[in-house]
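Each of the next two complexes has subunit A plus one more chain, namely subunit B in the first and subunit C in the second.
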Partner chain A sequence: MTINLMLLTAMIIAALWTVMGRSLLKASIGLALTSAIITILMFRLDSPLAAVFELSVCTGLITAVFVSTISLTKPLTFPEIKKLSKDRNKRFRYLPMIIILVGMALAYINLKMDFSAVREALPEGAHETDVRNVLWNTRQLDIFGQIIMILTGTFGVIILFKGTRKR
Partner chain B sequence: MNELYWRIFLNFSFFIIMLFIAGFYCILVTRNLIRVMIGLELLIKAVTLFLVVACYVSGQAALGQALIITLIVMEVVMIAVLAGVVLSIYRHNNSLDARRLRELKG
Partner chain C sequence: MPSLLILMPLAGIMILNFAFGRTMKRSAFWFAVVLFLIQIILAIFHHPVFWSNELEMVDRFFNVSFSMDYISFIALLSIGIVSLVSLLVARCSIDNEEDRFNFINLLVIASIGMSGIVMVKDVFSLYVFLEITAAASFILIAFWRKRRALEGAFKYILLSAIATIMMLTAIALLIVLAGDPSFSVIKSALGRSSSSFMVTLAVGIFICGLFIKGGLVPFHGWLPDAYSSAPAPVAILLAGIVTKVVGIYTIMRVMISLFGFSASMGRVFMFIGALSILVGAFAALGQRDFKRMLAYSSISQIGYILLGFGTGTTIGILGAVFHFFNHAIFKSLLFVNSAAVEDSVGTTDMDKMGGLASRMPITGATSVIALLSACGIPPLAGFWSKLIIILALWKSGHVAYTLIAVFASVLTLAYLLSMQRRTFFGKLADGLEDIKEAHTRIRVASIILAAITVLVGVFFPLMFDNFILPVKDILLR
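And now, the complex of A and B:
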């Protein structure tokens, strides 16, 4: 559990770095780091297949999409960066305070409140363990949904880029 | 439910709430469209992690993995389309400022 807590703390720090950092490129790298930490947590929580997907798709592919989007836009000039960073610092300075306050409130709730009634009401688990059976037998419709989503996404991207080329 | 699993669920939930707040704050406060996408990603990551933990403590890890795979596919498609929309907006306005979207007609 200690390792999990350390990983969770690292995840929050990485998320804060992602949100509060000035550079967009560093923010996308921070997002990949957050994703990588979530991958480790998934491995530790008996979800290896989802973890592999998270690592390859979220840490790899989505970071590549972000980096290419950033590279296709024009970087700001130095005076613009200076002006914007002042404004950004003003807007983002409350976030660490909010996170710390929420953390303290949640820790207080955890220590003081009694959740035993809720815990007793929740069922014990012993179900299907093979993800292939679930994916191909129980959740067949999800596969069709995924195919439709991928086709929709491809179609959407083609339409968007086609439109910009014409313009 | 087992006491140990319950403890794991609570601990993870607290950090997931904090991750969710970070993503939500990013979307609310920022004016850069790429940062809005990053905030949205953080929100989805919080949901993914919550699904993993909920399925782990309820003994439904296989079902959880199937759902997470679906979620990841949807996430990728959404980000790809959003990136296309953001680039189109950038080419149209020459800026990534979300406030410029108010100038759109229609």
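And now, the complex of A and C:
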């Protein structure tokens, strides 16, 4: 439990670093780190298939796509980064306080979400279902969906980033 | 064979992009035209040979199985018509061949996504196709990479991501409860435990996610920015069909085939519908940008669909389905007109226009037809669907909502007449003396849509008996 909590805290820090970071490249590394911590959490929560997918798709593939996309953009100059960073910090200066206040409020009202029905409904050994069976025998349509999604992403990169550096 | 509506366009895109490279770029337009025409013809004639038979080898190989009913036919017909019109407008508003090729690819992908939403019968595949449509839409909005468009796309991505998280959580809960993602299994599982906290939570967050995707008040923040900043053909696609399919159609589908209609959900739909009607109409009154005003008008008109659906009565749901189709047509027509004006004048600021009807007679005349249909003036298509919705509200005893629907029609007339007066009527504004009518393809698109609006209104019994009335059978199942 303690390790899970530590991992959750690390994941939140990595996620915050991703969205608050100054450079796009560092943000994509932060995202990969967040995904890697989620992978460890999933392994610990006894979901090895979900963990493997998280590791291969999010940590691997998505990071590779982000890094190659970022390479097509023009990096900001140091003064621009400094100005953006200053503006961002100004905009988010209340965020830590809001998080602390919400946390205190939740602790005060002792919110307990009853998800016992979910635990009871989960079939025993559901994680043992063969992933090949799921992907190739029951969910082919969703594989199609993924192919179309990757195509969409490719067009997105071509339309939004190709030629940006040139301009 | 309905799977061909997904597989054919996908195969076409693959061939155009990977097999023939640049040589096929010019054929892309005609490929998409043929694709959308086939979809329109198949949806109009809905012959059982195509829709009921499986393409055994292909379907078994890809393990795809779709389900069709009369609401699906209406939605597929609307998708085909609006996509075709958007394509015609894109042909003349996107000059660069490379850009046009990319646009056509994304348009076809968006139409695959929408057709998938309409035909799937399992909740996870529904989610996959919703995301395909949304992803294609983000890129289409930001197509020209202008600051406002990027901002509109970013807002859409953010709110859509929130909606996605909500829907995915709901889907996970539903699959845990039912053990299977198919509509029929989930529906029977929900029937056994309809009052549990889990079911209420799953249904609530799923519908909230769809409210965001559909741009309904109070989740409409992204919609005016996205519509007004998107390129003309994209605005036609978004306002004409995308938000309606990902929002309203999906709400109808999940309520009919998945969750089952309940009186409490009906009350929520009617309240959100009425709120959208009023907020959209009042906000439209104060706009000076043509496209932004139409965006708010869309929110208002989508409210009518939800209001009719919320009654839960057969006549109310028929009215909602009919208004879904009519709104797709007349709103696309108004956006085509805005594209024509933008193409000729170079702006959508109505304060800089005036008297354009004398220089753009076809755009001016078709705009009047769309306006009258939107306001519910007989005998145009919009009159009949609004009349059915108002009758359903009255007959189900919702007097206050009936009055809101009638009052908002007057508001619609007010803001659309104001648009017509400022843009097309009166004395020609200074500096617009050399303005010419829009490109032929834009005129063709507006004439097609205006003709549909008039014909559906005049031949209302034919349309109602063949397309709308059979929806009743689905509700009785």
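Throughout what follows, the second predicted complex is superposed on the first by the 108 of 167 C-alpha atoms of A that agree within 3 Å, B and C clash if a C-alpha of one lies under 4 Å from a C-alpha of the other, contacts with A are read in each partner's own complex, and residues count from 1 in each chain.
Please note the rule applied: contacts are C-beta pairs under 8 Å (C-beta built on N, C-alpha and C of every residue); 3 or more make two chains touch, one makes a residue touch a chain.
Keep in mind that this is a model prediction, so the values were computed, not measured.
Trainee: Could you look at A:Leu8 and tell me whether it touches subunit B, subunit C, both or neither (first, second, both, neither)?
Mentor: The first partner, subunit B, only.
Trainee: Applying the document's definition of touch, where does A:Ser47 land relative to subunit B and subunit C: first, second, both, or neither?
Mentor: In the superposition, A:Ser47 touches subunit B alone.
Trainee: Which partner chains sit in contact with A:Gln140 here, subunit B, subunit C, both or neither? Use first/second/both/neither.
Mentor: second
Trainee: Return first, second, both or neither, reflecting whether A:Leu160 touches subunit B, subunit C, both chains, or no partner chain.
Mentor: In the superposition, A:Leu160 touches subunit B and subunit C alike.
Trainee: Please indicate which partner A:Met149 is in contact with in the superposed arrangement: first for subunit B, second for subunit C, both, or neither.
Mentor: Touch status of A:Met149: both partners.
Trainee: Return the chain, subunit B or subunit C, that is in touch with more residues of subunit A.
Mentor: B
Trainee: By the touch definition at the top of the document, which applies to A:Ile70: first (subunit B), second (subunit C), both, or neither?
Mentor: first
Trainee: Could you tell me if A:Lys86 is touching subunit B, subunit C, both of them or neither one (first, second, both, neither)?
Mentor: Neither partner.
Trainee: Counting contacts the way the document defines them, which residues of subunit A are shared by the two interfaces, the one with subunit B and the one with subunit C?
Mentor: Overlap of subunit B and subunit C footprints on subunit A: residues 115, 122-123, 138-139, 142, 145-146, 149, 152-153, 156, 160, 164.
Trainee: Help me check something: in the complex, which residues belonging to subunit A touch subunit B?
Mentor: My answer: residues 1, 4-5, 8-9, 11-12, 15-16, 18-19, 24, 27-28, 31, 34-35, 38, 41-42, 45-47, 49-50, 53-54, 57-58, 61-62, 65-66, 68-70, 72-74, 91-92, 94-95, 98-99, 102-103, 106-107, 110, 115, 119-120, 122-131, 133-135, 138-139, 142, 145-146, 149-150, 152-153, 156-157, 160-161, 163-164, 167.
Trainee: Considering the complex alone, what residue numbers of subunit C touch subunit A?
Mentor: The contact residues of subunit C facing subunit A are 6, 10, 13, 62-64, 99, 102, 105-106, 109, 112-113, 116, 120, 124-125, 128-129, 131-132, 135-136, 138-139, 142-143, 145, 173, 176-177, 179, 196-198.
Trainee: Touching residues of subunit A toward subunit C in the complex: what are they?
Mentor: 114-115, 117-118, 121-123, 137-142, 144-149, 151-153, 155-156, 158-160, 164
Trainee: If we count contacts the way the header does, which residues on subunit B are in touch with subunit A in the complex?
Mentor: Against subunit A, subunit B makes touches at 1-3, 6-8, 10-12, 14-15, 17-19, 21-23, 25-26, 29-30, 32, 34-35, 37-39, 41-42, 45, 48-49, 52-53, 55-70, 72-81, 83-88, 90-92, 94, 96.
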